[in-house]
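The structure that follows is given in the form of structure tokens.
So that you can tell them apart, the chains are marked A, B, C, D and E in the order they are listed, and the count of residues begins at 1 in each.
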Amino acid sequence: MGNLVLKGVCKNFGRLQVLDGIDLTIAQNHSVALLGPSGCGKTTLIRMIAGLEKPDCGEIEISPGGAAYAFQEPRLIPWKTVKENLTFFLEEPEIDPTFFDTFGLTEILDSYPHQLSGGLRQKVNIGRALLFKKPLLLMDEPFQNIDVKNRVSFIRSITEQRKKEGFTMILVTHNLREALLFSDTLFFFGPKPSRVIGEWTVAKPPQTAFRSFDWLFEEEKKVVARFPEFMI
Amino acid sequence: MKTSICSNLFKYALGLLLIALVWELASLWFHSSLILPRLSEVFAEFFGLIDEASLWMNLSSTFLKAFSGLLLALAIGLPVGFLIGFSAFFSQLLLPGLVLLKSMPIISWLTSILILWGIGWEAPVFIVFVTLLPIIIYNIAQGIKTVDKQLLEVVKLTHLPFRKAFAGIYLPSIIPFIISSIEISVGTMWKTVVAAEFLAGEKGIGVQIAWNKYYVNTPTVFAYTFFVILVGISLEILLDAFFSSPFLKRWRGLWAT
Amino acid sequence: AVPMGPTLFTVLPIMERRVSVEEEYDFFYWKSFDEAIAMIANRQVSAIFLPVSYGATLYSKSLPVRLSAVTLWKSFFCISNGWEYTDIASLRDQNLYFAQGKGQTADVVMRILLKAEGLDPDTALSMEYLSPPEIVAFFQKGLAQLAVVPEPYASLILNMLPGSKIAFDLQTLWQETLDVPYRLPITGLFYVPASNESEAQTKNNIITIQKDFQSSTSYLLSHTDEIVSLGKSVFPTMADSVLRNSLTNSEYDFSFSAADKLAIAHYFETIRQFLPESLLVLPDENFYLF
Amino acid sequence: MKTSICSNLFKYALGLLLIALVWELASLWFHSSLILPRLSEVFAEFFGLIDEASLWMNLSSTFLKAFSGLLLALAIGLPVGFLIGFSAFFSQLLLPGLVLLKSMPIISWLTSILILWGIGWEAPVFIVFVTLLPIIIYNIAQGIKTVDKQLLEVVKLTHLPFRKAFAGIYLPSIIPFIISSIEISVGTMWKTVVAAEFLAGEKGIGVQIAWNKYYVNTPTVFAYTFFVILVGISLEILLDAFFSSPFLKRWRGLWAT
Amino acid sequence: MGNLVLKGVCKNFGRLQVLDGIDLTIAQNHSVALLGPSGCGKTTLIRMIAGLEKPDCGEIEISPGGAAYAFQEPRLIPWKTVKENLTFFLEEPEIDPTFFDTFGLTEILDSYPHQLSGGLRQKVNIGRALLFKKPLLLMDEPFQNIDVKNRVSFIRSITEQRKKEGFTMILVTHNLREALLFSDTLFFFGPKPSRVIGEWTVAKPPQTAFRSFDWLFEEEKKVVARFPEFMI
């Protein structure tokens, strides 16, 4: 009920077996992270959830309402400014200016994508996905190219927004700390043909302790002890 | 935009000189004003013509016909091009007709055209229209194929209304193709309208050329042709300036950066 | 070289070997004035049929053409359909079509006749120029009521549309309006000398050519039925009656007499007088090879 | 490639039917075989012509001229297009000449061409060449502008020899533009070669059309035109099949994925 | 002598001041890392060093021999396979097959770029830059999209190659551990208009201790203590 359920989903590209029977259940309003080696099929999985690709076998059950998707590459419209890029896909083009401030977009609102650095482009990409306000948010390595300080503040803002609005979130990342900060559950994928090789339920600290990072380092050590290949 | 016209003029200067040089060398080599008159002869005729009111009437008549044909071709060609680009069904339905339009010699159906439109400005306009139409349609349809598939996925995902996607994604992506079809068309239309007037016109440069050709007034034929080319080159310069103006640079920038 | 059209009949007897000739002839066809000029300028042919006035124009532009004989004296008819011709003045405010371009024989002659009768060809009536097949189509659709057309199109239209008739023929009108005995020289056979040919050689060659084509024309005039059946192979779509009518309506006469020279000179002078821009210089004596 | 020709044929079927329908309606409306004969008349003529050896001679003559013109235009147009695309200097030098070629009506210099080449296959080939040349040059030059600037930076950085960059980066980037210019050219060349033969040819379909027009033999005019269009459409189908064959898909894929 | 020297280098884009007087000296065969907020001008600086952009003021002294550059975005030739992409820019197209194994490229040698995942593309990008074998290697966030396991093995291989062949290396990254593992010196940049706001010389452990990561965690703590914003 309202959950996102994948049952035995598999996918091949020609003779290349990518996903080989994925079973996952993601409860409504939960946040999960997918981790796994490059090319193991994380993007493919997320594209299938978004409905952009059809699975070769298995089933995907999604609650209605659609998904917002921050693609792995920014996919900005080259002939529109940052502001236009953010509003173009929205039904309601009015955006609260504090939103721009929160995500560090205010300065670049009138720039064109080709005038932006990689990290700035990625910020626009994340901002756009957040503005869609759908019941499901898919984010494919959204923090690549973004510096540590911004990353932390983004994670905070998104977590707050999630608490207010309540949406399910799936994050693909190679950064364990990012995953721990963001998610309730982590899923680990193996190499191609890939399956879920492990699951980790994050022990979140009480709200008051969240701002210190000690719990994060503790949690990280525990995960690395079980999944040593996700160390750095 | 003013300075850009000037700089364009200057850009063309060298090329114009080259043409003049090649022309003079060729006419010296042929040594017959029947084949290729000396530039001086052509210019003498040219300046003689400038004083005549009839020249300007003919020129404006030809110009109007060419432009009406172009505008008509754009008005029909753009939507049909989009239709063909978007819909496999329409593309299959209309493609053979397009090939037909493209490869059917005007002379074969000149009679039908004349019966339909009579003698006057309509037939030349129609001929220009029919000549440019397939070029424009092909270009637009080709352009739609090149629209970034990644952006279209975003459109699909966000259930963006078609109207908005059209105006915000398709149209701007296709601007370079529209520009290129205008550029090709603007050149071709002169040739076409003069030929059409030559075949079936009551006035215009083409009629004058036909008449002077009959009397083997080669310098005058070339003087009239010069007017056509001059208008053609001026238009090219104007278009160039327009298309490289800041207004359009934004779209073109897509390709330049 | 021969133009596409009625002049073909003139050479049919030679082509089909119905008359014995002294020379071997290869025939080429020209279908546009560009082709004619190219053939002359490159001296690809040694003789060519051209409209007489056009030959004079080319001669004035130093192209190597010299008139050796006039071959056709009557070919243009004004056809009317659903309109009654009385005299030239009745053409006022009418829409007159031509099966030739502006400036060509029919146009020039018609303009002279109009001017001679005090009508300004540019304002008194409207003149439109089309090609023969278009004129035929215009008549069929009732878009044209009045047109000056050469044979065999004149006969074709008469045959096709029962209500159509000949309003006048240009040659008769020419003699009547200008009040002269001269015929109207329409097509001529022009000689194209080789580039290094002496005058004596030219004279020598031209005699042979004149003899051959004169006998060809005589054959044409005396064997109408045979020519009509031969003509079927070149004009496959024209009915026998059309071809026969067109032969009998036209005046083929291969002639190069002193009287002809007068007619030609009169023709040129009249053009100079009424439409100077159509013939900038009168050809000199050297133009004539007879 | 075989199946792809078949499937293309099938794709065209609907469109061909549409043309037939429009034609029949129009000919019923004109109600005169002189203006637009019924399809049945045209087909009767058409099948009559097929049996005649002269048709095939004319067709092959026209075909050869068109192709020679196209090949010549490609042979000159490709390198010149590259030159213009690469060098601002050459682009300025040659652009006015191009505009001249593009907008100068054939009839204005037909006489000169004919005197130069005589009457034969040369003038039509030259006319086709001159008509297609600017289209090809424009397309190539336009294509070079779209070559990915990011890849060119890699080229610059690695001091890649020009020969290699040309073959590996420029040429493949421009293949879609070459294809599109061939597609436009192949359609236009039929029209052009027939018109050229009509004006000045000694044999070929255009000459036949001229003769039959002269005899007011409209069904035959259209039957010959049908051959032209048929060859045009077949060529289009072949090209389509060729350009969508695996061999070229690799380049085209650039745009499709 | 042989050093890379930047003196008072600055750069503007229109009215946007990006770099504001950068002074840097990088000794031959040393390896440095540049860290700084998104959009602070790291890519711009590296592009100027590569000669792709001209500084608005200041001087850049480079020893001759050219630079290899792994761009921030992969820049692969779409119509060439991975193998062709790797060899195309080389004078000598023969490549030691063990190279492919080391960088996990063997499997994808015949794939086209559009068939690759983001991480795999990035691998090709790094591999290509390494094959150029120039005295200066520039790498702009090369490990984005690459999983942790691969990242570690890449860093090992590149460090070994650097020891064998000896080349100067400049790495742009947002990942402090990556920077510490790779570099002799770290330079920290401030926000736009940006200057060098700090420098850190990495205390590398003796070769034998390198394979354990304890030194890394120690070093990281020290850096974060001084530059708290580079924490995650």
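The criterion applied here is as follows: contacts are C-beta pairs under 8 Å (C-beta built on N, C-alpha and C of every residue); 3 or more make two chains touch, one makes a residue touch a chain.
Here the structure is a predicted model, which means the values were calculated and not measured.
S.K.: Could you give the fewest steps needed to travel from chain B to chain C through chains in contact?
M.R.: Contact-graph shortest path, chain B to chain C, evaluates to 1.
S.K.: If you tally C-beta pairs in contact for every chain pair, which pair wins? Let me know.
M.R.: Greatest count of contact pairs is found between chains B-D.
S.K.: Could you state the distance in Å from the CA-based centre of chain C to that of chain D?
M.R.: So the centroids are 39 Å from each other.
S.K.: Centre to centre, by mean C-alpha position, how many angstrom separate chain A and chain B?
M.R.: 51
S.K.: Just how far, in Å, is the C-alpha centre of chain E from the one of chain C?
M.R.: Their C-alpha centroids are separated by 88 Å.
S.K.: In chain C, what residues contact two or more other chains?
M.R.: Residues 34, 37, 41, 133, 137, 141.
S.K.: What parts of chain D, by residue number, touch at least two of the other chains?
M.R.: 34-35, 111, 115, 198, 210, 213, 218, 257, in rising order.
S.K.: Can you list the chain A residues in contact with two or more other chains?
M.R.: Residues 73 of chain A each touch two or more of the other chains.
S.K.: Could you list each pair of chains that touch one another?
M.R.: Listed by label, chains in contact pair as A-B, A-E, B-C, B-D, C-D, D-E.
S.K.: What does chain C use to touch chain B in their complex?
M.R.: Residue list for chain C touching chain B: 33-34, 37, 41, 54, 57-58, 61-63, 101-104, 128, 130, 133-134, 137-138, 141, 143, 278, 280.
S.K.: Where on chain D does chain C make contact in their complex?
M.R.: Going by the criterion above, the answer is residues 32, 34-35, 110-111, 114-115, 118-119, 198-200, 202, 207, 210-211, 213-218, 220.
S.K.: Under the stated contact criterion, what part of chain A meets chain E in this complex?
M.R.: The touching residues are 13, 35-39, 42-43, 72-73, 108, 115-120, 122-123, 141, 144-152, 174-178, 213, 229-232.
S.K.: Give every residue of chain E touching chain D within the complex, in rising order.
M.R.: Touch residues, chain E against chain D: 50-52, 66-67, 69, 71, 73, 75, 77-80, 88-89, 112, 114, 132.
S.K.: Please output the residues of chain D touching chain E within their complex, sorted ascending.
M.R.: These residues of chain D touch chain E: 150-151, 153-160, 164, 168-169, 172, 250-251, 253-254, 257.
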